[in-house]
Every structure is written in structure tokens, then in C-alpha cells.
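Right after this note come the structures.
Two complexes come next, and they have one chain in common, chain A, joined by chain B in the first and chain C in the second.
Now for the complex of A and B:
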């Protein structure tokens, strides 16, 4: 492998890995507060991509209830991304109300909540299919305005062209990660969130409304899923209503690799899996997922708590 | 919806026929008492007498099966724990419950959650990002208050260390600092002297009086160490199998035959 290809694949890997990271962070935030995996996360990812697509004023296909319909507004990509992800976040909040809170109030077994979230995932996915059909949607060619299709990171005689969309993805992801890190570590609400994650009972006795912070966590988590879905959709295409489900499984590999409940772990795990996948030779690219889960299995054997996870201590 | 009830004399907290059942077990059985403002009120009794359950009722971690709790003239039993905490009832735990993964400073800052100015989370996020003075000022004030409390507890030399790395005695003091950060009216201490040597227990008595006066607190404490309770408390309530068997000043309770039989005689 020559140097040009190496750098290209490395940057591609970091780009897709940074999406894995923000997507997996959504899982991690909810896991660290409720101790469960939210299987609706992948469906929100899908929803976010469709929402951004719709907000850019693009028309849907000829299948489904909304055949050939388009919103009368054409938002530029950054605005559509933000607004679409906010709506995805609000859908996450609604899901918490409908599928999580009633079970939590009754002290239901966590497994039941997991099943409930799976049910929500299927409903969201089927609803999308009912509304807009199962075909592929590609973001418009001018999604990123007048930016060139690729940017040369090498010199004139040694070109290292990188697709602009990969750079945009990476920058957006880094920005989102920076904002989230600041919020969690340095604001009153971030501290309270961490307190609720560690011990909700004690947090409530310090005047913290734990339900409110669970809602906030669902909003942030689903917002992140919406951003990730949009970025993947704009980079390749929206591959039908089920495209978030496979991505959702990949996200699980990322958080187990990084360490369940660890925020830096989710970021590291995401980047790692992204880069390793990028170096899977072209003729084997159909086996990328197998590589990700192969890493996961090895990790579970060697270091079950994940790269940055804490060793689980039985609570007495 | 809270109904105003006229409080007698100088009472800050009143339990009226408070009962809590767990299945067939009656952990707290028809208990009534009234705690006066600025009092140090002791709660003693053998293991399983229902003392911690009573604390859980007062902090609304558990709803009572029947009976009422009245705090500053208001029924509080139907409130949620964070609401009671905001109204000024704060506590520590028998088995210390710090946020172990967070620093000592963060633990105390979280205790100030209800006091730091309420700006919207989104506003906090945006203004923090842009380094606007609002968010930074808010965090600075909270941090300043937290540092003062840590200094008072003699914990100011390791404020950025994770709470779980502190030795046992320091964890107890850190938990009290966090409880005080709420600026409570009533402080509930669940076995504050557990694991302390006689000298430390003596210092603890002095310390509890000091914070009572300094922060104008009412203190309710559960404690097994009888000499400490007798020396420190203004009044003592004795629980046995969930029932209140004696209530009064230490000298009276000490000589109560029912108390001697149920508890003190055991020693």
C-alpha cells in the first residue's frame, strides 16, 4: 500500500469513525443513566436522515403515502441538519415518555424495557416505509453548496484527494463532540447528569429532578442519532428505512469495545472501528461488519470491560 | 395542592401517626412526634427498629402507608424526593453515598444544584460555548461556595481528587459538606459516628453543635453510640419494632424502663 492510499484510507476511516463515535455516544448516555440499551436508537438515526432530506425541500419517490410530496421550504444543509436533528431529539423524548417511563415507574425488569425499545424501533421504521416507501434517497448534488467534490491534501505531483463530504463529516463530528464534552464536564446540567448516572437516588435527594434529566439525556442522545444519520445519508445515500438498524448493531460493537457507559470509550471505539474498517481491502469490503464484530469478540475475551470501561463491581 | 396546617409552638417537622408497611412487616408503626426548630433530635433503637425507614419517609424516598408528615406547616408526604430536598431537608447515609467517580469539588457543587441560578440548559450550553459571562459567572459562584464548605471541613487540599479515593473519615465529612451545600433547614444524619474512634466521636459532637449554630440548622440524627447521643441531643426518640416507645430529654429516656429493656439493657 502506498502512502497516498494509506493517508486516504486513514482519513476516510477517521471520518466514518467519527460518525460511529457520536452515534455510539447516544447509546452510552442512555446506558449510563438507565443501564439499558435503547434499541430505538438506530431507528432515530434513520429518521434523522429522512428529516434532514425532507427539510432541504427534496421530493420523495412514488411509493408510500407521501409519494412525490416535498416541503415547500428549501433549507440549506446546515440548517436542515440542525432542525432535523432537533426533531429527532424530540421524537426521542416522546419515545421515553411512551416506551420507557411507564415501565420504569412500575419497576419493570430492564429486559422488558429493551424489548419495548425494540418494538418502538420497528414501529418507527415501518412508519417511515409506509410514508415514503423503501427506495434509496440520495442527497442533492449541491448539498454542500459550492464546495468542490474533493480537496487535495497532497502536492501537485503527489495528489491525495479526499472527498469534501468526508471532511465536512469529520469537522461536524468533532464540533459536536467538543460541545458535548464541554456541556457534560463544565456546566451545572452536565454535572447533574453525571450525578444522576452514578446514583439517581442520591441525586434526587440533592434536589435534582431525575426524570427531567432522563428526558434531557434522551433528547441529546436522539439528537446525536439524527446528526449521525444525516451525515451517513449525505455521504452515501439513505438506503431505505432499515438502514439505521445495521448501523445500530455496529454502534453496539463500538460501545462494548470502548467500554459500556464510558464517554471517551465510545469516541475511541468509534474511531478505532472506523479506521480498521477503512483498511479492509476493497475486494473484501462486504465483510466490513464481520471485522467490526470480530474485534468485538476478541475484546470480550481479552478485556470484557472494554478499552476504557470500569471493571464491573457487583453492587451490594 | 398542599394544605396549610397550623403548626404548634416552634415545630419545624411533625409526624402524625406515621406508618409504613412492607408486605406483612410494619417497619414504622403509628409514630408521632414533633421536632422543634434549632433542636438536635436523636433517634435510637435496636437494629431493624425502623430508624432508616423513618429517614426514608421524611425525605420522601418512600411514601407512608398511612399518617402524615408536616414540614413548616405543609404536608410533604406526597412530594417527590427532589422537591423535599429543594424545600430544605437534606441528609447523609449510613453507608456513605458519594458520587465516587466525581471529584470532591464536583460532589459539593452538585449539592448546590438548586441554588445556582436557573438558566435554561440550552442557554447554558450556548453561552458556555461562546464563553459568555453568564454561564461562567454561575459556575464560578457555585465553585466558590463549594470551596468554602470544603475548607470548613478541612478537605481543601484535595478538591480535585475523586471522592472514592478519600479515606473513610474524609468521605463522611465530604458527605456532610455536600448535604450542607443545599443550605437545608433540617439536616438528617444517619449514623455519622459509625467507624470513628472515641476521640473522633468526641470531635464529631462538637462539630455537629458548631454547624447547627453556624447554619441555623435543625438536626435529626440516628446513632448507635449511646454516650454520644446522650451527650449531644436535646431530645431523644426511641424506636423498637417500628413503635415509638419513649420520647424526651436524655436524662428521662435513659431511665425509662421500656427503653432499658428494649435497647440499653442489651449492651
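Now for the complex of A and C:
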């Protein structure tokens, strides 16, 4: 492999890896607070992509209930991305209300909550399919305005062209990660959120509105899923309502690699899996989707707490 | 009668197979472990039967010999059992959600492999799997005894030491460990028994359905069978059997309901095309309002008392 190809693949890997990172952070935030994995996360990812697509004023196909429908507004991509992700976040809050809170109130088995989130995933994905059909949707050609299709990072005689989309994705992801890191580590709300994650009962005794912060966590988590879904959708296409489920399963491999509940772990795990996938040789590309799951298995065998996770000690 | 069997034969056999898959998910749940692997082992068993019957065993004219079918089911059971142990041990040493994660990874790896390997026929799958029986309903000769034997064994299991250990682990793994029960051993055992059952059901299904492809064992299928077990009842083996049967027949039932005259068009359409939305709603409502499922041990006791 020559150097140009190496750098290209590395940047491709970092670009997709940064999406894995923000997506997996959504899993991690909820896991660190509630100790459960929200299987509806992948469905919200799908939803975010469709919402952004719709907010840009693009029409849907002729299958489904909303055949050929389009919103009367045509928002530019950045605005649609933010608004679509906010709506995705609000859907996350609604999901918490309907499917998680009643079980938490009762102190139900975490297993039941996991199952309930699977149910929500099934509803969201199939509702999308029911409304707008199962076809592929591609974001319009001018999504990124007048930016060129690719930017040359090498010299004139030794070009290293990188798709602009990849760079946009990487920059957006880094920006989101920076804001989130600042919020969690350096603001009062972030501190309170970490306190709730550490010990909800003690946190509520100290006057922190635990339920409020759980709602906030669901909002942020689902917002991140919406951003990730939109970024993947705009770089490739929205491959039907189920594309978030497959991505969501891969996100599980990311959090196991990084360590369940570890925020830096989710970022590291995402970037690593992105880069490893990018370096799968072309003739084996059909097996690319299995790589992340192979990594998950190996981690369970050798280091179940993940790269940066804390070893869980069960107290009686 | 003959007409009834011709029309509903395939559905009845599917319902029996659905009940077997329900039981295969119920076994790990007995120890409180969420496994999403049953459709994976089901797909694996199906591929084993499909490959053996189309490529290995001599195919002569006429129907496929039944002893060979049973041999395929046995091989599927052995392979599923070995793989069950291999997947189960790393995941079940750990407490918590790890089995669900490992089984998701397992199902996905199997799916990618079956889509890309030559021997599984790639995305097209395997066609023309030979038929041991003349009509679909005759599959009951194998499927029904299989279900009855499994049910009997589970009925026994629930009252002997092994089953008690399963339940003890589900209620409190640490306490069970302190009582001298080895949680990992019993969890792997329960998971492996479930895998074997799913593999055997898959081997039979491949012949029954005549074709086999990568769509057989997906994440979706995992969720649907999980629903059937949880709604049916996850505290006694009767729940998964009833749940598996009803949920296999549910698409047909919904289709029939959708044809009732006088129903609003949007509702009829939702029942016909939005089957999975209905499933999802059932899962969420079921976990909130019937955490033990519809068929609970208490309910069975009540029925027994009334009979006396």
C-alpha cells in the first residue's frame, strides 16, 4: 500500500469513525446513568436522517402513506441538521416517558427495559417504513452548497484527494464532541449529570432533580443519534428505514471496545473501529460488516471492561 | 377435513416450529439471560440441513428418506450445541447485558458469512431442498413429537435440581453462587440447550420451507420471537409455547381481522401492512403491564385448582 492510499484510507476511517464516536456516545450517556442499553438508539439514528431530509424540502417516493409528500419549507443543510436532530432528541424524551419511566418507577428488572427499548425500535423503524416506504433516499447534490466534490491534500504531482463530505463529517463530529466534552466536564449541568450517573439516590438527596437529568440525557443522546444519522445519510444515502438498526448494532461493538459507560472509551472505540474497517482489503470488503462484531467477541474474551472502562465490582 | 388441512397445514406446522423457537429463547431466560441468538442457530441448522440434503446426500427420485432428515437434525443439534458453548462461555462468565451483545454479534457474523460464502448460495440462498413428505401437514409427524418431547423435558426440568438452579440464578445470581450453584455452568447449560433446540428446528424448517437464505435469521426475527416469549409468559414453559404459536399465526389473524367489513380503511391498512408496528406496541405494553407475561405460574395453579 502506497502512502497516498494509506493517508486516504486513514482519513476515511477517521471520518466514519468520528460518526461512530458521536453515535456511541449516545449509548454511553444512557448506559452510564441507567445501566441499560437503549436499543431504540439505532432507530432514532434513522429518524434523524429522515427528518433532516424532509426539512430540506425533499420529496418522498410513491410508496407508503405519505406518498410524494414534501414539506413546504426548504431549509439549508446546517439548519435542517440542527432542527432535525432537535426533533430526534424530543422523540427520545418521549420514548423515555413512555417506555422507560414506568419501568424505572416500578424498579423493574433491567432486562425488561432492554426489551421495551427493542419494542420502541420496532415501532419507530416500521412506522417510518409505513409512512414513507422502504426505498433509498439520497440527499440533494447541492447539500453542501458550492463546496467542491473533493479537496486535494497532497501536492500537485502527488495528489491526495479527499471527498469534501468526509471532511465536513469529521469537522462536525469534532465540533459536537468538543461541545459535549465541555458541557459534561466544565458546566454545572454536566457536573450534575455525572453525579446522577455516579449515584442517583445520593444525587437526588443533594437536591439534583434526577428525573430531569435523565430526560436531559435522553435528549442529548437522541440528538447525537440524529446528527450521526444525518451525517451518514448525507455522505452515502439513507438506505431504507432499517439502515439505522445495522448501524446501531455496530455501535454496540464500539461501546464494548471502548468500555461500557466510558465517554472517552466511546470516542476511542469509534475511531478505532472506523479506521480498522477502512483498512479491510478491497477483496474482503463484503466481510467488512463482520469486523466490528469480531472485535466485540475478542473484547468479551480478553478485556470485558473495554479499553478505557472501569472494572465493575459487584457489591452486595 | 382434507380441505382444512390443505389450507391451514403450512400454518399449523409453522406454529409448531414457532413454539419450538419460543422454547429455545425461554431456556436462557430461565436463568435471567437475554439471548437474541435463537434465529442465528435456527438459520445455522437450516443451512446444515440444506447443504447436506442438496450437496452431500445422494438425491434419488422420490421423497427424501426420513432417517436422513433425522440425521441432519442430529448433526444440526451437535454443531449448534458446540457453537452454543463457544459463544456462551465468554459472554456468560460476565454478569449483565453481555449475552445479548454477544448473541447480536454472533447473529450478525453468521448473516455476513451466509451472504458471502459460496456454500450457502450467497444472497440467493439454497433452492429446491428435497421433500421427505408429500404434503406440508405431514411435517407434523416430526415437528409435533419434537415439540411434545421438548415440552415434557422442560416440564421435568422445572421441578428437578437443574431447573431449580436456573430459577435461583434468575432471582439472584450472587445468592445462588453463595449457595454453591456455579452460575456460569448453569447459564451456559441453559443457553446451549436453547441453541440446540433452535438448530434442530432450523434443520426441519429448511425442508419444510423448501428454500433457505440469509433472511431466515435476522435481528428482526430475534425481536419477534422474544416478543412471543415475553407476552406469552417467561416464567413457565407453557408461555413460550402458546406465545410462539399465537405470534406465528398473528399475521394471518391480523389479515383476517383487516377484512372484517365496516372497519375504517386506515385501520385495515395498518393491520395488513403495519404488522410490525403492532408487534412493537405489544412489546412495550406487555413489558409495562404484564412483566411476567400472560401465562404465569399463578394462573396455571388457579386453573388446576378449578379443575379439582
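In this text, the second predicted complex is superposed on the first by the 316 of 316 C-alpha atoms of A that agree within 3 Å, B and C clash if a C-alpha of one lies under 4 Å from a C-alpha of the other, contacts with A are read in each partner's own complex, and residues count from 1 in each chain.
Just so it is clear, a residue touches a chain if its C-beta (ideal position, glycine included) is under 8 Å from a C-beta of that chain, and two chains touch if they have at least 3 such contacts.
Here the structure is a predicted model, which is why all the values come from computation and not from measurement.
J.: For A:171, decide between first (touching chain B), second (touching chain C), both and neither.
T.: A:171 sits against neither chain B nor chain C.
J.: If you tally the residues of chain A touched by each partner, is the higher count for chain B or for chain C?
T.: So, of the two partners, C touches more residues of chain A.
J.: Based on the superposed arrangement, let me know which partner A:188 touches: chain B (first), chain C (second), both, or neither?
T.: It touches chain B, and chain C stays clear.
J.: With both complexes superposed on chain A, which partner does A:73 reach: first (chain B), second (chain C), both or neither?
T.: neither
J.: Applying the document's definition of touch, where does A:151 land relative to chain B and chain C: first, second, both, or neither?
T.: In the superposition, A:151 touches no partner, neither chain B nor chain C.
J.: Once the complexes are superposed, what residues of chain A are shared between the chain B interface and the chain C interface?
T.: none
J.: Where on chain C does chain A make contact in their complex?
T.: 32, 34, 90-91, 93-98, 100-102, 104-106, 108-109, 112-113, 115-116, 174, 219-220, 223, 226-227, 230, 270, 273-274, 276-277, 279-284, 286-288, 291
J.: List the residues on chain A that touch chain B in their complex, please.
T.: 179, 182-183, 186-189, 191-192, 194-195, 198-199, 201-210, 216
J.: Of all residues in chain B, which touch chain A in the complex?
T.: Chain B residues touching chain A: 59, 61, 80-82, 85-86, 90-91, 93, 97, 99-102, 106, 109-111, 113-114, 116, 121, 124-125, 128-129, 135, 138-139, 142, 178, 182.
J.: Residue numbers of chain A touching chain C in their complex, please.
T.: 36-37, 98-99, 102-103, 108-116, 118-127, 130, 245, 249, 252-253, 256, 260, 286-287, 289-290, 293-294, 296-297, 300-301, 304, 314, 316
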